[in-house]
Each structure stands twice: as structure tokens, then as C-alpha cells.
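Structures follow.
Below are two complexes that have chain A in common, paired first with chain B and then with chain C.
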Partner chain A sequence: MKTFYKKFAEKFIEGLLMLSGTVTSLTVVLIVFFLFKEGVGVFNQKPVEDGYVIAVNKNNPLDKVVSEDIKNIYDQKITHWNEVGGNPDSIILFRLEDISNYYSDEAIGENFEGLAGCISRLTDSLPGIIAFFPEKYLDKNFKGKVLDVDKISLSEFFMGEEWFPTAQPSAQLGVMPLILGTLWVSLGAILLALPLGLAASIYMSEIANDRVRSIMKPLIELLAGIPSVVYGFFGLVIIVPLIQETFNLPVGETGLAGSIVLGIMALPTIITISEDAMRNTPRAMKEASLALGASKWQTIYKVVVPYSISGITAGAILGIGRAIGETMAVLMVTGNAAVIPHSILEPVRTIPATIAAELGEAPAGGLHYKALFALGCILFLITLFINLSVEFVTGRKKHNKH
Partner chain B sequence: MKLPDEHKLAKRKKRDQAIAFWIFRILSYAIIAILFTILSFIIYKGASAISWDFITKMPEEGMTKGGIYPAIIGTLCLVCGSMVFAFPIGVLAAIYMNEYVKDGIIKKIIKQMTNNLAGIPSIVFGLFGMSLFVNKLGFGDSILAGSLTLGLLALPVVIRTTEEALKAVDNTFRHASLALGASKWETTSKVVLPIAFPNIITGLILSIGRVSGETAPILFTVAAYFLPKLPASIFDQAMALPYHLYVISTSGTNIEESRPIAYGTALVLIIIVLIANLLANGLRKYFGRKVKMN
Partner chain C sequence: MKTKLVVLAFALYTTTAGFAQKLKGSDTVLPLAQKEAESYMKQNKAAKVTVTGGGSGVGLAALVDGTTDIAMSSRKIKMAEKMKLQDAGKSVKETTIAYDALAVVVNPSNKVSQLTREQLEGIFTGKIKNWKEVGGDDLQITVYSRETSSGTYEFFKEHVLNNKNYASTVLSMPATGAIIQSVSQTKGAIGYVGLAYVEKDVKAIKVSYDKGKTYIAPSMATAKDKTYPVIRPLYYYYLSTVEKAVKPFIDYVLSADGQKIVEEVGYVPLSK
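Moving on, here comes the complex of A and B:
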């Protein structure tokens, strides 16, 4: 009886352990599911807010418009219908609040009961009109024509150069400036961090004595432990004003500030991983080189660095990964302008910073909300790609060994 | 034909090495200098802001005066909550990975998934926590939702450190225990875990340091902008130190006037991280020596 109980307990514990073992996998699956469920929804939705319609005069030959045209029309960059393939009439913009310019309060009615009819008549009388109003004011016998707006397309989303998720009447969801901003800042960060990090890892693994190393190692760990929001704060009060003064800029919140802060943050990752790789160089190889009369420095750059190049690459890739995914520090120092950057001295906005800055204001389930989740999907895919390429780089090394 | 002067070559070799080594040394010291610049700046500016009142009083007058007591308590709640969730699961998962499962496809998958989870940016955890815990499960913005999100984030860290601690236990201990007729779980719980315990605790302390400074995952799952009272239950919103620092340094109504508070908050965060790191290193050294001596 006792052995039975014991055996049962063993099995039960093993089951419990297995269950815990699956939690991480389950979490990854759940993250993918939730991100993509919301994110893919972007492509099923029209850029015009739910419950609103866009209508034109019934003689207007247009049947559908794309989001970009709507924005340009309402920004008055397009002023004539023939620019988007219609008659040569000039465009008359109409928003709901403009109704009082055309009709008196009596015609509209105290509780807006006459409003639908007014809009209908107005659309009928003005050939160049484009009207944007809530669907509930769409008259049953509407005399105009409701325009069909295209759903957001993949190319519009990825190639679009404007990110105005809350623009009325039509949201602009081009993620190009955000992707470019992210890559821009991360590239700058790695250009700063890689030489420094490599130097430090060579110094720690090959040159410094044990005592210096035992002091430096915990300090590098400490550098990794400082919260990103503290880095952001430091960047905000020190680096940003410094850049503003040095380059004589109107604002110091620039891509360069982001790159510097991210570069510092990526250092520990690069140092720990490439130092590990260098210390794994077989002693026999180093000693053979030294025995042939090579100096210590020649041994380092002819033997140690080539041998550990895959580890160094892995460190660099993971450093980039850290920079791409970093949120708070970037949010605080880059100025967050969603435009395609032309120089490192301009404000930029990265994907994580966009999510952090805008999710709080996006109503759950709306287009903006879904677009931010789609950004999360992009971020997730980038980091997955980075993980896999690290796997690939380090895996190839193992293969070479045999 | 004249051979190159051997003496000259040797001299050049020596000179090259000296130059290269000095460059590396200077660059390495530059990194340490950066670290000390950040630390000393925050400590210098923050020290004047910190007082007993600062850490025990409520914020006042639009957060330009008063203390950060609720933020400290909020962070404490979040750290405890996330560890209550992540520590047991992480340790059990690591035991399963290291002691139970055999090399093969399952181990590979779990390992890969854990690595992937560790690589996911913290803001994506925030998105996930918001859509699952806050919206889908209906916890709302609460300590519970924030703790679970942070717990998931800390899980790979706990698993990795625990696994390393278990791997450091010599196999002879396991074999001796099994040879005496102990079962697998008896061996694990009575032999392996006690030896690995100090290193596991070190991992726990380091993940506490990490969790207490995370901002992005709590932005949309728990953090309150200004809440001059303490959370009454795990379903309440709470302030938190890193979020507080973010808010008062970027979007407060009176950024200049609240700067001292910001420096103080940054210093409190730095102190937490410093203590966690010192404690972890101290433990590592202390127990490392003890095992060696036996």
C-alpha cells in the first residue's frame, strides 16, 4: 500500500513538473494568438470610423475612394474632382458641423429630426460636395450616393508613408516611417555599441588579469540591470540638452539621442555574449599561435576573434534585438515624430514607442487599437527572426566543430 | 637581397601590441566611466530629494511635492505578485527540464519556446497582458493583471537561472542518492535542490531587480497616473515607481517643479537594483566558498 502511494505521488509530481514546463510554450502560443487575432483585424476594416459614411452627389462618377485621397481632399491638397478621376467640379467639403451654414435651426429641428433630410437635399443640390456624417443621419430615401471606401490593404499598410491613426474622416495607417525609425535608431545604436562592446570583451577575456575582470564583470551586470526608464530619464536630462546645444537644434529629442541611449543599453548584451565566445577558444589553439612566435595581439586578431566570430555575431544580433524592442528609453528621448527620418538629428518614432504612447488613448476593439496590435505583430516577427538567426549563427558553429 | 631586420620587426610587433592593448583598455574604462556617470549623477541629484517623508508620504500638489509612498507600495505589490506566480512555476519547469525530461524533441521545443519568450520585447507583453488579462478575462487595470503580465516576463529569467543552478550540481550526488534506493523526486527534493538552493535564490533576487524596473508591461495593465491612496485589493489600480518616473519626467503638468521628485524616484529605483545586484553577488560568493570548502 505504501509503495503504491509513493508511486502515485511520484507520478503526480512528474505531471505537475511537466505542466509547469509547458507554461512558457503555452504563453508564446497565447501571445501569438492574441496579437494576430487583433492585429490581422486591421485588414478587415475600413479606414473610416465605424458608424460614419462618406457621400457625394449622385451625378459624381466616382464609386469608391482610397483612404489617402480622402485625407488629401479634407486637407485641401486635392481641390477638384478630376484629380481623383471625376468631373472637373471643385470639391466642396462638408462636415456635420457645417450644416448650420446651409440650413436654419428650425429646418434641422430641436432633436435633429430634420437633419437627415437636410443632408440628403444638400447632397443633391451641390454637384461638387463630399459629405462626412454619422450613418444614423443617412436618410431612408437618400438622394446622394454613398461612397464605398476600400479596406486597408497590405501595401497601403506597409508602404504607406503617413501615420495618422486618429485622422478624421479617414485614418492613415502607413507604418513605413515607424519601421524606418526603428531600424534607423537601432542601427545607430549598434554602430556605437559594437566597437565599444568588442573592445571591452577582448579586454576582459584576453588582456585584463583576473582581478580586473572580477571587478568589471559585476559592473557590466549592473549596467544591464539599470531599468530602461532610468536610462530614458538620464537621456532626457543629460544627453538631450547636450545634443541640442552641440548641434544648435530647436529640440534635442532626436534619433541620435535614442541611438546613444540604446547603444549604452545594448552594451552588456554584446559584451557578455562575445566575451563568453572568446573565452571558449581552446587553449591549445592560442598556445600554438604563441609558440610559433606570434605576439599576444596577433594571437587575438588572427586566432581568438576568427574562432569566436559566430559568438560575436550572435552578440551583435541580440544587441540589435534589444535595441529594436526597447520601449521606454526611446519613448522618452527620440521626440516621437512619425515622419520618415532624413538625418540623425531629426525626431523619429519607433514601433515600440508608438504602441506605448498611443495604446492608452485607443478605444479597445477600434481600428486604432487593432493597428497598434498589428505593430505588435511586426515587432514580434522581427524579434522571432532575430532569435532564429542567432540560432542559425551559433548552430552552424557547432556543425563546423565536428 | 637583404632580409628585413629581425630586431626591427620584433620592435614593431611589440609596439603594435602596446597600442592595441591601450586602445582596448581605454575603451573598456570608458564603459565603466559611463556607468559611473549615470550612477553618480542620479545619486548626486537624488540624494537631496530623498528623506523619510519622501518615501512615506503621499504625493501632493499635482505631484510636485510630497512623497512617493503609494508608488513604492505598488511596486512592492507587483514584485510580490509576479514572483508568487513566476517563481514556483519557473523552478518546477527548470526541474522538469534538467532532471526529468530526456534529450529529445520535447526538451528542444520547450527550450526553444523559453528562448523565444525571453526575446519578446516588454511592450509586446504589455499588449498581450492588456488583451488577455485586462479585456478578455475582465480583471481590468489591476494589480492582478499587472502581476501576471510581469510574471510571464520574468518566467524565462527564473527558468534560466534555476537551470544553471541545477546543472552546477555534480552528478555524483544524484547517482549516490539513487543508488541508495531513493526515488527520483526524493533525490531531487532532498539532494539536488538543497545544494542548488543558494543559486536559485540568487536568480530570484535578480529577477526581482528586473521586474521592479519594468515599465512597458504595466503601462496598460495596472499603472495609475495619480492615485493618492493605497490599493485595497488585487483588483485595484496602483501607482508604480518606474511608471511614476516616466510620468513626472515627461508628461506631468509641471515638469520643472517635479524634477526633484523625479531624481528621487530614479534614485530609489537605482537603489533597488543596486541592492539586488550586491545581494546576488554576495550570496554567490558566500555560498561558492562554502561548497568548495566542504
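Moving on, here comes the complex of A and C:
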């Protein structure tokens, strides 16, 4: 009977462990599935807001228009139709609220019953018009021509250089500046954090005595526990003005400020992992090196560092992983201007900052919402790639040993 | 015993369901709604109002899903959101509960103290790049704006930029506090914030909407008598089916007491 209970308890615990494992993996798979399902939807949509149409005069030779041109037309950067391959008429912009400039309230009607007819007549009478209005005011026998807008293409999304997700009539969804901004800031962060982190971990594992070490290690690990918004605020108040003065820049919110803040945030990861790796160097190897007459410093860079190189690399890569996904701190210090950065001393916008700042206000299920999920997918793939590299690097070590 | 419990639970459920109201949405309206809810609950002990933020888009999406009774919004409902409600067979009602005036702020060291709407448009769309073009020092202009999806961003674009897009070099900040901080420490900076946030570290400038004839400084007085032009309404949206349930709270917000709170929080009360 006792053994039965024992066996039963064992089976029960085993089952529980398996269950929690399954639940965790299932959750991850579900989240990834959800992310990609929403994200891929962006390529199924037109950049013009749902329920709206863009129409022109029927004599206008244009049938189709590119999203970028629509934006430039409505920003009055393109003012004549011949610039986009039409007649030499000058462009007349029309939005729904402009209707009162053309027609009286009586013609439009109290409940807008006459509105559809008014728009139809207006588009017919002005050869240079481009009209942007809700589809429900599209008259049954509309006398103008409704322009066709292509769905968002892969190249437009990935190679586009303008990020105006809420632009009307046509959203601009170029993620190039965001991807470059993310990589730029993370690269800067790792260039700053790696030498510093490596130096600190060598000091702690090889040079410092036990007392110093017992104070330093918890202190550094404490860095990891500070909320990221605190880092962000610290960056905004201290680092940003410092950069502005040092480099004599018009703005202090730059990629460099982001890199410094992220560098500090990545330090604990890098130091802890590489220090552990270095302390794992067998005592015999170090003693052999010293016995051969090598100095302490020679031993460090000829024996300890090469032996623990895979641990150091893993620390560095995990550090980048943290830097790439970090949101709040970056949001506060990089200025978030969606332009392709030419140097680290310019404002940049990163992917996580974009998602965090915009998702709350984007209409759920809309184009902007899906575009933000697509950004999430890109970020996921970047992080996945980084994690796979960690696996590869740490996996290599085991082969070396035997 | 069991039936008693069920009855009790049912009674609890119906009483709370009768009075509980959920508000969700815009972070701009959030502090105001919270204050209103607190004092409303003080007056009506039985009532229960819970307020959560998240953004105008989140609030309106929750209205479609039916997870909130009132959506707070700092922008007008979008056509796509309206159509979604229509598809779900719901019709939405809109109430303006207060106004929010936006002040254009610059660094205190800046000589410029007044700008026309046209000049503001030039600065925010990137046509005017140096302060000397608008009568200031030879200094590059650094433009700070709110995030693309905030209601403030949209409003400023519609009313000041004449519906043109911001320049892509505009720096966007996650919060009003961050704009104040940045403008106060960057010499060539310009940005916009809610009237309630203007403080001594930044300088609010006068704005002209009649091509430079009259310049009006942003203040509670000029906002109230509507002479200050950069002012936007804040909304509550609710389904017409729950109108009866939410009406007492909305009436309270619109009452003299409620409008007094509006002014205390720093927004502009509705004029009678």
C-alpha cells in the first residue's frame, strides 16, 4: 500500500511537471502565432483608411496612385497633376469638411442626405480635383473616377523610408528607419558595454580579493533590478544634456544617449555571465601557466580569456538581446525621430519604442495596429537569431572539451 | 444554505451591475475622469465607477468589445471605429465633457515670443529650420512633438498644420513631462503641451490665427472666452443602449460641480 502511494505521488509530480512544461511551451507558441497572424495581415490591406475612397475627375488619365504620391499631394509638395503623369492641371485638394466652401447647408441636407450628390457634382465640375471622403457618401451614379490604391507591398514596407502610420489619406509604413535605428543603438550599446564589462569581470574573477568581490558582485547585480524607466529618466536628465554640451549639438536626444543607457543596462548580464565563465577555468590550467613562468597578466589573456571565450560571447550576445528589446529607457532618450540615421549623434527611433508608444492609441484591428504587430514579428526574428547564435556559441564549447 | 448563497451572490451581482460603470481610454482624460469619479462616488455611496487608461484607441476598441461602458477620448471617433460599431449593430453617442488648450512652448532663453499659425506650420512641417527666419537668433530649430498616435498629435496636425504631415525629423516624446524637460534643456527647442502643464522652465508663446494682427497668450481666461485658438474638445463615448445607466455620471460631469473639477485639474470647462 505504501509503495502504491509512493508510486502514485511520483507519477502525480511527474505529470504536474510535464503539464507545466507543456503549458509554458503552448503559451509561447500561441503568442508567436498571434503575433504573426496579426502582423502578416498588414500586407493584405490598403494604405487608405478602411471605409474611405479617393476619387478624381473622370477626365483625369490616372487610374492608380502610389501611397507616397498621395501623401505628397496632400502635403502640397506635388501641386500639379503632370508631376505624377496626368494633365497639366493644378491639383485641388478636397476633404469632407471642405464641402461647406462649395455648397450651402441646404444642399447638403440636415442628415447629409444630399452630400453624396454634392460630392459627385463637385468632382465632375473641377478637372484638377482629388477628393478623399467616406465610401458611404459615394453616389450610386458617381460622375468621377475612384482611384485604385495598391495593397501594401513587401518592398514598400521593408524598404520604405517614411514612417507616418497615421497620415491621412494614405498611411506611410516604411520600417527601414526603425530597423536601422534599433540595430544602430544596440551596436553602439554593445561597443560601449563589452570592453567595460569584460574589464570588470576579469578584475572580479582574477584580481580582486574576496572582500572586494563580495561587495562588488551584489552591487552590479543590483543594476539589473532597477526599473528601466528610471534609467530612461536618468538618461534624459543627465546624459542627454551632457552629450549636447560635449559635442555641441542642437539636440541631445541621440542614438548615442540610447547606446549609453542601454550599455549600462546590459552590463550586469555581460559581467555576471563572463565572470562565471572565467571562474570556471580549471585551477590546474592557471597553475600550469604560472609554473611555466608566465606573469599573472599573461595567464589572464593567454589562458583564462581564451578558455572562457564562449561564455564571454554568450554574455555579450545576451546583453545585445536585452538591449534590442528594451523599450522605455530608449523611448525617453533617443528622440524618436523616424529618419534614417547617418551618425550616432542623430535622433533615432527604435522598434520597441515605436510599438510601446503607438499601440495604445491605434484602432484595434486596423492597418496601424497590424503594422505594429509586423514590427513585433521583425523584432522577434532578430531576437530569435541572437538566441540561436548563443546556442551555437555555447554548443561549440562542449566539443572543444573532449 | 446553498440556495441562500446563490441568492446572495445574485443580489450582489445585480446591485453592482446596476451601478458599476467602467471608463476606459485616453490618458489625457484619465486624471480628470479619476477626480470626477472620486467625487461622484462620494456623493452617491451606492455608485461604483472604475477608471482605466491605455489610450483613446484602447478605450474605443473596448467599447466595441463591450468591455467598457464609457470610452474616454481626446480625439473624435474615427470612421473605421464607427463602422465597426455599426457592423456590431451598436450606435454610439458622443458627449463633450471639457476642453483642453494647447500651449506652444519654447526655451526661456529664446527671444521669440509670438508666432503666427503660418509660421508654426512652417516650423512643424520642416520648411522653417532656423530661428532667425521668424525673428530670433541664428539657431537651429529643434521640434518636439507627441507620439504619432496621441490625440494631441492629431489635433495639432489638423488645427495648426492645416492637415499637413509633420516633418520626419520631428522628435517625438512619449509624454508631456518629457517634452517640458527637453524644451527646458535645449536652446533651439519648440514643442506643444497642455495648458495645465505650462511651468516656469519653459516659455509659452503668443499665437496669432489672423496673420499677425492679434497675438493671444494661452491662459485659462483666454481659453474660456475662446479667444485663444488652439483648443480641443475631450469626449466621452457610450453606446445608446446603456444611456440610462451612464447618464447620472455624465450629468454629474456636466453639472456645475463637475465642471469645477475640470478647472481644478487644469482643463477648460464648457462655457454655459
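The working rule: the second predicted complex is superposed on the first by the 381 of 402 C-alpha atoms of A that agree within 3 Å, B and C clash if a C-alpha of one lies under 4 Å from a C-alpha of the other, contacts with A are read in each partner's own complex, and residues count from 1 in each chain.
Just so we're on the same page, contacts are C-beta pairs under 8 Å (C-beta built on N, C-alpha and C of every residue); 3 or more make two chains touch, one makes a residue touch a chain.
Predicted model only: the values in this text are computed from it and were never measured.
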Contacts of A:221 with chain B and chain C, given as first, second, both or neither: first
Chain B versus chain C as contact partner of A:166, first or second or both or neither: second
Touched partner set for A:49, first chain B, second chain C, both or neither: second
Which of chain B and chain C A:30 touches, first, second, both or neither: first
In the superposition, chain B vs chain C on chain A residues touched: B
Partner chain(s) touched by A:285 [first = chain B, second = chain C, both, neither]: neither
Which superposed partner A:295 touches (first chain B, second chain C, both, neither): first
Touched partner set for A:358, first chain B, second chain C, both or neither: second
Contacts of A:200 with chain B and chain C, given as first, second, both or neither: first
First, second, both or neither for A:381, with chain B first and chain C second: neither
Footprint overlap on chain A, comparing chain B with chain C: 236-237, 331-332, 356, 359-360, 364
Chain A - residues contacting chain B, complex: 6, 9-10, 13-14, 16-18, 20-25, 27-28, 30-31, 34-35, 38, 195-196, 199-200, 202-204, 207-208, 216, 218-223, 225-234, 236-238, 264, 267, 271, 295-298, 300, 321, 324-328, 331-332, 352, 355-356, 359-360, 364, 372-373, 376, 379-380, 383-384, 386-387, 391
Residue numbers on chain C that touch chain A, as the complex places them: 27, 54-58, 60-61, 64, 78-81, 83-84, 125, 139-140, 142, 147-151, 153-154, 163-165, 168-174, 178, 181-182, 185-189
Parts of chain B lying in touch with chain A, wherever the complex brings them together: 13-14, 16-17, 20-21, 23-25, 27-28, 30-32, 34-35, 38, 41-42, 88-90, 92-93, 95-97, 100-101, 109-110, 112-117, 119-128, 130-132, 135-136, 152, 155-156, 159, 183-185, 206, 209-210, 212-216, 219-220, 242-243, 245-246, 249-250, 259, 262, 266, 269-270, 273-274, 276-277, 281
In the complex with chain C, residue positions of chain A that touch it: 49-52, 71, 74-76, 95, 134, 162-168, 177, 236-237, 240-241, 244, 250-253, 331-332, 335-339, 347, 349, 353, 356-366, 368-369
